[in-house]
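What follows is chain A paired twice: with chain B in the first complex and chain C in the second.
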Partner chain A sequence: MRQIKQTTRRSIAFYTMIAPWLIVFLSFALFPLVYGFYLSFTNYFGFNLEDLSLVGLKNYQNVFNDKDAMGALGRTFLFAAINVPLGTVIALTLALLLNHNIRGRSVFRTIFYIPSIMPAIVTTMMWKNILFTGNGGILDRIIGFFGLGPVNWLGYDYALFSLVLMSSWGAGGGILIYLAGLKGVPDELYESAAIDGASYMQRLFRITLPLLTPVIFFNVLMGIIGTLQQYLQPILLAGDQLLARPIKPIYLYVVHAFQQIFANQRFAYGMALLWVLFLITLLLTLVVFKTSRLWVFYEDGGD
Partner chain B sequence: MKRRILAVLLGLSMIVLAACGTKPTPGGQTTEAAKTTAAEKAGDKTEKETEKATEPAADGQVTIRTTFLEGELSRELLDKFEAENPGIKVVQEAVDDTKMASLLATQDAPDVMRCIGVYDIPTYVTRRIALDLDELMNNSKVIDVDDLLPICHVYRYDGTTVGKGPWYGLPKDWSNDFALFYNKTCFDNANVDLPSDTEPMTWNEVVDLAKKLVIKEGDTTVQYGLAMVENPTMPSFYYLNQYLLSAGEDLSSDDNKSMDFTKPVVGDFLTLWNDAVKSNIGPNPVNNDQTGGSNLFIGDQCAMIVTGYWYSGMIRGNEEASKKTATFGMLPTPMVEGGKRVAPTGSATGGFIYAQTKHKEEAWKFFEWYFGGEPVDDRAKSGWGLPSFRSKMELLPQADDFDKQVYRVTLDELNYGDAFIPINPYLGKAGRPMFEKWVDPFIFDRATLEETMQGMTDDANQTISEMVSVLEG
Partner chain C sequence: MKRISLSRVFLYLVLLFLSFIFLFPLYLAVINSLAPWFNPPTAVPTAFKWENYYWATELIDFWRYAKNSLIIALIYVPLTTLSSGLSGFAFARLKAPGSNALFICVLSTMMLPGIVTQIPTYILFFRFNLINTYIPWLVWGIGGSAFFIFMYRQFFRTVPLELEEAARIDGCSIFRIYWNIFLPISLPVVATVTILTFHGNWNDIMGPFMYLREARYPLSTALSMVGYKPPGGDNQTIMQVTMAAGLMLALPIMVTFFIGQKYIVEGIVTTGIKG
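Now for the complex of A and B:
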């Protein structure tokens, strides 16, 4: 009896503690999601809330018949396929470098981390107006030293490359997590390896990376989710207005949804677009989880 | 295993949170944005106040919300209004296009809203968002309808034709937005004579003149011929509409339920501006010069800029430009070869009352004061736009030679300011991104002229048919 009371008491305490988050989550996250799901089956155009008609799966059928949507989805996958591995390699490499006990380490950590905390609007404007611009832009000057260019960084041939470049510059956000993971690797393992005469590369591939795979796994997962939802940077590269339309190579899927909702007032169709993305993201996440058995190493076997 | 399950749950909750975590940031849509950026910034402060107050207070005071911000409506003026109308409190709320869409969607829009009359009034009337003010306007003792300039009729709409039917709002000020300003220093640099400021050029002549004004040093362009205030020098939906008006063409059918972008006039327009892009007469996506048109113009790096009277206020207010006003001047709005001379407004920023306002009487009182009372004089004297009333024209700045030249050209432009650019109310704001979708590949030589025009037609008609089906049930 005493045990039950204690359990109940603990439950009450638990739910009381999480109540603020739970209320906000239910009101501002779950409810809009469910309501948006309902709207995706209607003809909602932003002004006919009192006169809605159910249209069944029409909006979802339109998603797969919409050439712009399918093209944007393919482009988004391509962007993710380049951006996520590249971002992972850059952040991991920088973290490994910064994990060495060198003079000024904290300064370098700060420098590499700054891009990830700067607002996207600031970084994009900086890249667009200082680095990418064709009027004395820094990138053109750099390649000019090698006798190359100039090139149109925001034109059809290089826009996707520029978006990847800009995203990679902000890859430092993952450094902190990798550094925390690196701190968790026991020193004894390195000491034993050193006694056995293991080289740096052997230690890296036999100790560091295997023990870091859970952290890599987490960052890859977050990277996939974030990249599939990318929309602000392509829009800002196109213009300084939110309804500016990026050129085709960087016209990504969520940009298309944003345009459908706010430029075309196709709210219901936009909801359908986003729910399709949600399901694709969910599916990809499950696939990554499945593959994790093959490459993620848990010290306790994952139990 | 437990850890894996928890990790799966965590991952899923991240997806949910990330999906909900995106939020738009403020941004404008037309050339008016240049005038309102400061206003929007200032308005951010008052936005929070707004959320508190929409219902009548216990003392019977009614709070109305407006989207006119500090830059266009000072708190000092508002205090005066509130003192004269003790039962009304006005709060200012910063609203951009995306937030406006959300507020309208949730039927929580402010009582008196700022709008771009040319584009928004047909759209908002069709969607039953704007309140019919006809009776109030005609019976007003503050607003003299007979004194309004013809351009103000852009706020009238009968369901198919702009300029006819009931009044739905008024411009706070307006400009002949498709006129030109010149920079004499750049003309001198290129050894080119200034064109006439009494006879308009054709758009073809403008592009040809701009080509002569380009100066290059090696491969680098050091002076352009023509810029736009915010847009790159390229084909734009905004300029197409004036081109159509001058050519006497309308792409919409009589009932507005279809559009045809395959008409030859669209081809002429696209060909002309594609030539402008290829000739490198201004910053554009192909030369990838990201410098703003206004910066180039004021910095003596561009000879002409397409813009209206309001830009004279910009020149007077800019630290660098105000020191050399004698360098600048205004040219009449260009016309289409073989077309008629028109000097329409491209925006006519003004306001309307939300059809579902709970405080119609108080909103009208505020509207009447803002669009017909003391603020009208203040705005006219500032020189940042033309007044709505004929009798207020003389309040415009006329101090120095620059003011006088701009005033003289403007008075002549008024004779051609009674035409309204053709707007399809069902296409609404979707017109611009639709146009950009097809123009970008065209100027990058990724689509032919025919593909571009057909693509625009197909996309516009799809949007229109969906909107018509919703509105007509």
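Now for the complex of A and C:
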């Protein structure tokens, strides 16, 4: 009898404590999600909420017939395929370098981490106005030093490269999590490896990296989700208005959705665009999870 | 012995070189923010025009936007920190019918691209007449954040059971146990969540752009929308003043990071975010 009372009391406490989250989750996350899905099947253009009519799959057909959308989707995949591995390698390398017993470790850590928390607007202003600009920009002067001609960094040929370069500068955001993961590698493993005469590279590839794969997995997943949604930096690089339209090479998928919604008032179509991206993200997440069994090492043998 | 010290030297050289690369753009931002108006970018300090910082606050309504940023942060940050902690504790220490399914909901929200729900959320707030108010941040604050609920949960799961049981024998209610035992020992996590939430909130451009109008914009959104033009109609943006304003926007981020860096590192280690 007392046992039952105890579990009911705990259940009541549980639901009381999560109530704030649960209520907001249901009404401001789940409901908008479902509502947005519904809107993507209507002719909603911003002012006709009272008078919506269902148009079936028309918006979705338009997504796949929209050359700009499909081009942007391909470009976004390309951007993610470059950006996620590059960012992972940079953050991981920095963390491995810092994982030595060295002086000034926390100073170096701060230096590598700070760019990742800079406000997006500050980062882009800095790169755009000082480094990329054709008007005596610093990057042009640096490559000029090596005898290379000025480059139109934000023009058609180099804009994607510049975007990747700028993103890489902020790639140090992952180092804190990697360093925490590296702390979790038991010293005994290194000691016994040292007795066996293993080199640094052997220890890195046989012990450190395999034990770090769960952390790498988490970061790669978050990186994919974040990169597929990237739209702010291309917009800010394009102009000093949030409705500025970036040039083709950095015209990413969500930028296109953003343009359709805010510049063209095509709300229902924009929702269809975003839902397609959402489904792609889900699918990719699923694939990454499935393949993770092949390369992620779990100490407790899975699950 | 000699070999080891050589590789040490090499390691330091690599770290110094990388530090130079990571610091260089920031260094450029600082010296250009002090350069004369309309000069081309410079890589060496040419002048120290501190008045650029004055003009950054004078040419646009800088302090009003800064005040708006502060109001939004004061509404959102403490609420999120508290609410996430409460949910994180419940998920870590209390079992109830449906608690596992609800936790999967928390995890899925982390995967959900925020942009998918933004337009319908806008319609919702529009229906309640809450556009151009700060109420949305109050609501989001109360709801907490999935990522930080997860972080708190990971941490609270590591707290030994005996601590909780001793308190329960003394007749403490579950809320008292949370407030008097769990919260005090989780100070590094609370600090981490507070600072990271503040950073996300302070840097947010799109949320305010969608839900607020110009007079209520926070600094981050304002700086992305209004360029610094010289008084008297010339239409060219003054890069130097823009950089000064940007650095002032970044200052609270850097200061809070420096203050909390010890906790953030500790907080991430103890929560062992792995996925």
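By our rule, the second predicted complex is superposed on the first by the 300 of 303 C-alpha atoms of A that agree within 3 Å, B and C clash if a C-alpha of one lies under 4 Å from a C-alpha of the other, contacts with A are read in each partner's own complex, and residues count from 1 in each chain.
Going forward, contacts are C-beta pairs under 8 Å (C-beta built on N, C-alpha and C of every residue); 3 or more make two chains touch, one makes a residue touch a chain.
Keep in mind the model is a prediction, meaning the values are calculated, not measured.
K.L.:
So, on chain A, is it clash or fit between chain B and chain C?
P.N.:
Because the two structures are overlaid on the shared chain, the partners are seen to clash.
K.L.:
Go through the superposed model and pick first if A:Gly134 touches only chain B, second if only chain C, both, or neither.
P.N.:
first
K.L.:
Is A:Ile177 in contact with chain B, with chain C, with both, or with neither (first, second, both, neither)?
P.N.:
second
K.L.:
Who does A:Leu242 touch here: chain B (first), chain C (second), both, or neither?
P.N.:
both
K.L.:
Is A:Val276 touching the first partner chain B, the second partner chain C, both, or neither of them?
P.N.:
neither
K.L.:
In the superposed model, which partner reaches more residues of chain A, chain B or chain C?
P.N.:
C
K.L.:
Tell me which partner A:Arg266 touches in the superposition: chain B (first), chain C (second), both or neither.
P.N.:
first
K.L.:
Between chain B (first) and chain C (second), which does A:Phe45 come into contact with in this model arrangement: first, second, both, or neither?
P.N.:
Only chain B is touched by A:Phe45; chain C is not.
K.L.:
Check whether A:Tyr15 is in contact with chain B, with chain C, with both or with neither, and answer first, second, both or neither.
P.N.:
second
K.L.:
For A:Val255, using the defined touch cut-off, is the partner it touches chain B, chain C, both, or neither? Pick first, second, both or neither.
P.N.:
Touch partners of A:Val255: none, neither chain B nor chain C.
K.L.:
With both complexes superposed on chain A, which partner does A:Gly155 reach: first (chain B), second (chain C), both or neither?
P.N.:
After superposition on chain A, A:Gly155 lies in contact with chain B alone.
K.L.:
Tell me which of 203-211, 311-319 or 365-373 in chain B produces the clash with chain C after alignment on chain A.
P.N.:
311-319
K.L.:
What residues on chain A does chain C touch that chain B touches too?
P.N.:
Shared contact residues on chain A (touching chain B in one complex, chain C in the other): 28-29, 32-33, 49, 121, 129, 133, 135, 137, 221, 225, 229, 231-232, 240-242, 254, 261, 267, 274, 278, 281-282, 285.
K.L.:
Across the complex, what residues on chain A touch chain C?
P.N.:
Per the touch definition, chain A meets chain C at residues 7, 9-11, 13-15, 17-18, 20-25, 27-29, 31-33, 35-36, 39, 49, 94, 97-98, 100, 102, 106, 108-115, 117-122, 125-127, 129-131, 133, 135-138, 141, 169, 172, 176-177, 179-181, 183-184, 214-215, 217-218, 221, 225, 228-229, 231-232, 236, 240-242, 254, 257, 261, 267, 270-271, 274-275, 277-278, 281-282, 285.
K.L.:
Across the complex, what residues on chain B touch chain A?
P.N.:
Residues 1-4, 7-8, 11-12, 14-20, 22, 24-25, 27-29, 33, 96-98, 101, 104-107, 127-129, 230, 283, 285-291, 428-430, 432-433, 436-437, 440-441, 444, 446, 463, 466-467, 469-470, 473.
K.L.:
Which residues of chain C touch chain A once you look at their complex with the stated criterion?
P.N.:
Contacts found on chain C: 8, 11-12, 14-15, 18-19, 22-23, 25-26, 28-29, 32, 40-41, 43, 83-84, 86-87, 89-91, 94-97, 99, 102, 105-106, 109, 111-121, 123-124, 139-140, 142-144, 149, 174-175, 178, 199, 202-203, 205-206, 209, 220, 223-225, 227, 237, 239, 242-243, 246-247, 249-250, 253-254, 257-258, 261, 264-265, 268-269, 272-275.
K.L.:
Hey, which residues of chain A end up touching chain B in the complex?
P.N.:
Chain A reaches chain B through residues 28-30, 32-33, 43-49, 51, 53, 68, 121, 128-129, 132-135, 137, 152-156, 221-222, 225-226, 229, 231-232, 240-245, 247-248, 254, 259, 261-267, 274, 278, 281-282, 285, 289, 298, 300, 302-303.
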